[in-house]
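We call the chains A, B and C, going by the order they appear; numbering starts again at 1 in every chain.
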Amino acid sequence: MLKYIVKRLLLSIPLLIGIATATFFIVRLAPGDPMDMYLEPRAGGRQIDPEVIELIRQKYGLDQPLHIQYVRWLENLARGDLGVSFRHRRPVRDLLAEAIPYTLQLTVLALLLDALIGIALGIFSAVKKDTALDKTVTVGSLIVYAIPGFWLALMLVMVFSVNLGWFPTSQTRSMDYEFFSLGGKVLDRLWHLALPVFVLGVAGAAGTARYMRSRLLDVLNEEYVMAARARGFRERTVVFRHALRNALIPIVTIYGMALPFLLGGATVIETIFAWPGMGRLTVQAVSGRDYPIIMATTTIAAFLTVLGNLIADVTYAAVDPRVSYDGKRKV
Amino acid sequence: MLLSVRDLRSSFFLDEGELQAVDGVSFELDKGETVGLVGESGCGKTIVALSILDLIPPPGRVVAGEIQFEGQDVLRMPPPELRRLRGAGIGLVFQEPAAALNPVYTIGRQLSEVLRLHRGLDRQQARRETVRLLGEMGIPEPEKRASSHPFELSGGMKQRALIAIAVAGRPKLLIADEPTTALDLTVQAEILELLAHLQEQHQMAILMISHDLDMVAEMADRVLVMYTGRIVEEAPTADLMTAPKHPYTEGLLAAIPQLGTGTEAPLVGIPGAVPNLLDLPGGCSFHPRCRLADAECEREIPGMSSVGSRWRCACFKTGAA
Amino acid sequence: MANARSDTRNILRRAWLPGLGHWALGHRGRGIRLLLFTVTILAVLLWRWDLFVTGFLAPFWDRRLASLSLVALLASAVALSRWDVKRLLSEEGEAQIHRSPMRVALRRFKENRLAVWAVYIIVALYLVAALAPLLAPFDPAAIPDVQSNRYLAPSWTHPCGTDEFGRDLFSRALYGARVSLSIGLLAMIIAKTIGTTYGATAAYFGGAVDNVLMRIVDIWIAFPTFYLMLMLVGIFEANITVLVLILGLTSWPGTARFIRGEILSLKEQEFTEAARAIGLPAHLIIFRHLIPSALSPVLVTAALSVAGMIGAEAGLSFLGLGIRPPTPSWGNMVAAGQDNLLHAWWIAFFPGSLLAITLISFSLLADGLRDAFDPKALMQKFV
């Protein structure tokens, strides 16, 4: 298995280079002088001394020909130097290092919520097919899945935070956080995480539930399930031991693909709840035309997606005995 | 009498209407007997097997009739007893061995769990018995095979494993539904031998279901011929094969190609085609294809009439002779 | 004989009034629906007669478009009615059991009540969007006497209330529909067209060309779509055209990969071999067999894609990065209502609800399409 992982990692490198290249050239597509990116936009009539502009241009290497800039960009990326945000006047790497853990908290918990609720509901509605419960779950999950995340978030905030006061409206911590015990701090963080995680996770759960239901129904129609019944096992055993394992296997790939969606959704959720994660950082950077951050976060997000897919592939090969580690079916 | 089926009717309730897959089937089976159930695809023979175990998937179900196994009414059994019946009373072997084995579990595991369910063995005992049983089925290197997944085994080995699973609960009756159809000819013979051997060893009755009249004739003491959900003839094998009474059986026999005789005899088929079960002809369902048919055959459904003590035939023209 | 012909002519003449022809032929349901549709359009026409007429000469293209749309809708209702009646008349003699996969799917689709309602809602929304300048009671940009008009709760005059500048939110919502719905549809068309062409090309040529093309797709797909959109709006100024292009250009790779896979697998299937064995020439195979088989999943994903595009635009506008105020878009209207959730909940509620209804309808449509095209062949193994 280790050989496979290493091999996949090595194979990913051209992809990662391609991603970095794409980011570089797309940004360079912007109309106007690239220098504008590194100057304060809307400087509002302030005249900047041309000599200063030239100095800045040299500092950022923008006086070099394009291909050299490109190589510099790749080199820096490999070294982990992601540039400096001119808004925050700090290295982008530090900003990201602070922001990513927050995003991870949000997305990992959302993923867990998604998995737990989604799979459970999916199984439930498959087993009780065509009952009122099944129909409710099917239609309900479709509605939840379709509702735009930001609106759901706002509605929930309106009801649960503003009106009922059960949850905080935003931020990661309460005012008197400093004075809490460790357990209290954890609880406080969870309390603040509750609404954002719920919004992010519940849409995914709806999708998972529908997928799980259809997968399980397919498996339940397979001949080996009927064979299991013919051998005298009770229905519950047939569903949970014989059918479920088969149905769950492809779910792994779903989760590999879920990462990009979660990251995208997180941008909006983090903005609404003032959660200082990578998504909010990016949105602010876009508003403020802070290109170093934009380039860096987009590239990192793409890297994370590639990583997520890799993990999903490896897990799938580990879980399905029919698939060997180079991805080919052994059958 | 081990198994007694009386006037069994099973249907599928589709959008297009009620499809009567089994329409009034009756027969009996005694301990240690081998009975063959023969018919073309779609005649309902698989549904008979599923009905006996009350396993028909929706939208189908048993509509009427009585099934008695060892004196107990199968169709009215409480669920725990029905589960006992499946596996410990009656074993079922399917047509496609690949489809009937769960692809994600090893065959050892699939066999062990049945052993633990029906024979009450603990994990250790089950493991040992698994290996022994696999060996008894003729699978080489049973310890290694026990930790293999189904996709690693050949068709013949998969079928042996399935048979092992089916007899693990020491059933009194084994229903084999097209057990060799998906296999190569040489393997076919081996499987049949295996079944015969098991029958002898455990005094097991076998209900052999197939469209291959020849194959059934090798193993069975008695043969039942089915057409469009009804039994049209039942007789001891030798009698049926040499002098069938029902025109359909005649047709089936005539259709078996004779190999190696050197003659240039043309292949004989039965004219026409098997009718759509949703749209059966009135009266005797075989009449459009039958050379003996007349007005009476078109109007009325022939019942089973006995010819001697062990022969039954459902035909107006040849039955009552 | 003569009677039949004059009957036909009578019915055809009645078909000039949409619905009447169908009614005469016994297709009551269809007749009523067509009639209702036409009556509604005429009602709008009469109610807004002055706006309608002046719209043709107005300097703003969207008012001209609205008036033209009205005329176009009437004309197409009449044309559809006559065409359908003619078709029905010609079929009366032949008892045709339509078995082509499209017909079968259409019939199954119609049995799905939720999906059918979803179609009605979507059509209604697009109609309203197209006719918005004629339907809006107020000018969405007009700012009246602010003091007395701001933050009015929903009422008969202002069904959705007013915002902080006193603008009527119902009118703004109607205009917002134009923006959001048209962007969604156009972006989807762009994405699907590029994606299908790209994927089909890769599948057709195979080999090295396929390899290179798919590597590019791999790179594109690795970016989370929303991040890519964010990056692009950060680089280019976001007006409607640019936004449509951005949305379309970030989403085509998914379709490309999918189409390529479908066509590759179809090429391998037996019916292709069979078609070749009969001697069918390549282009016929591609157009009569391969593409129609690949088409049905594309329709399903097209519906979902529109929903996705509308949602993406709404998200971007909500963040302030898409359509900027004062141009109304459902997304930026919700954003504007964000700070007033407690006191003026209607500012965010109505645009958001409309958005939700639209997205839900498209999802139901996609579901309905998927069910219609995918027969459950359960029974084959058991009979």
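Please note the rule applied: contacts are C-beta pairs under 8 Å (C-beta built on N, C-alpha and C of every residue); 3 or more make two chains touch, one makes a residue touch a chain.
Values in this document were obtained by computation on a predicted structure and should not be read as measured data.
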item	value
Longest centre-to-centre distance from chain C, chain (CA-based)	B
Chains most often in contact, by C-beta pairs	A-C
Gap in Å, rounded to a whole number, between the CA centres of chain B and chain A	54
Gap in Å, rounded to a whole number, between the CA centres of chain C and chain A	29
Overlap residues in chain C, where contacts from two or more other chains coincide	378
Chain B, residues touching no fewer than two other chains	57
For chain A, residues contacting two or more additional chains	221, 223
Chain C residues touching chain A - in the complex, by the definition given at the top	114, 215, 218-220, 222-228, 230-236, 307, 311, 314-315, 318-321, 334, 337-338, 341-342, 345, 348-349, 352, 355-356, 359-360, 362-364, 367, 378, 381
In the complex, chain B residues that touch chain A	53, 55, 57, 79, 83-88, 92, 94, 96, 99-105, 113-114, 117-118, 149, 151-152, 165-166, 169
Residue ranges of chain A touching chain C (in the complex, touch as defined)	14-15, 18-19, 22-23, 26-27, 29-31, 139, 142-143, 145-151, 154-155, 157-158, 162-163, 221, 223, 259-261, 263-265, 267-268, 271-272, 282-283, 285-287, 289, 291, 294-295, 297-298, 301-302, 305-306
Residues of chain A that touch chain B when the two form their complex	221-224, 226-234, 242, 245-246, 249, 320-322, 330-331
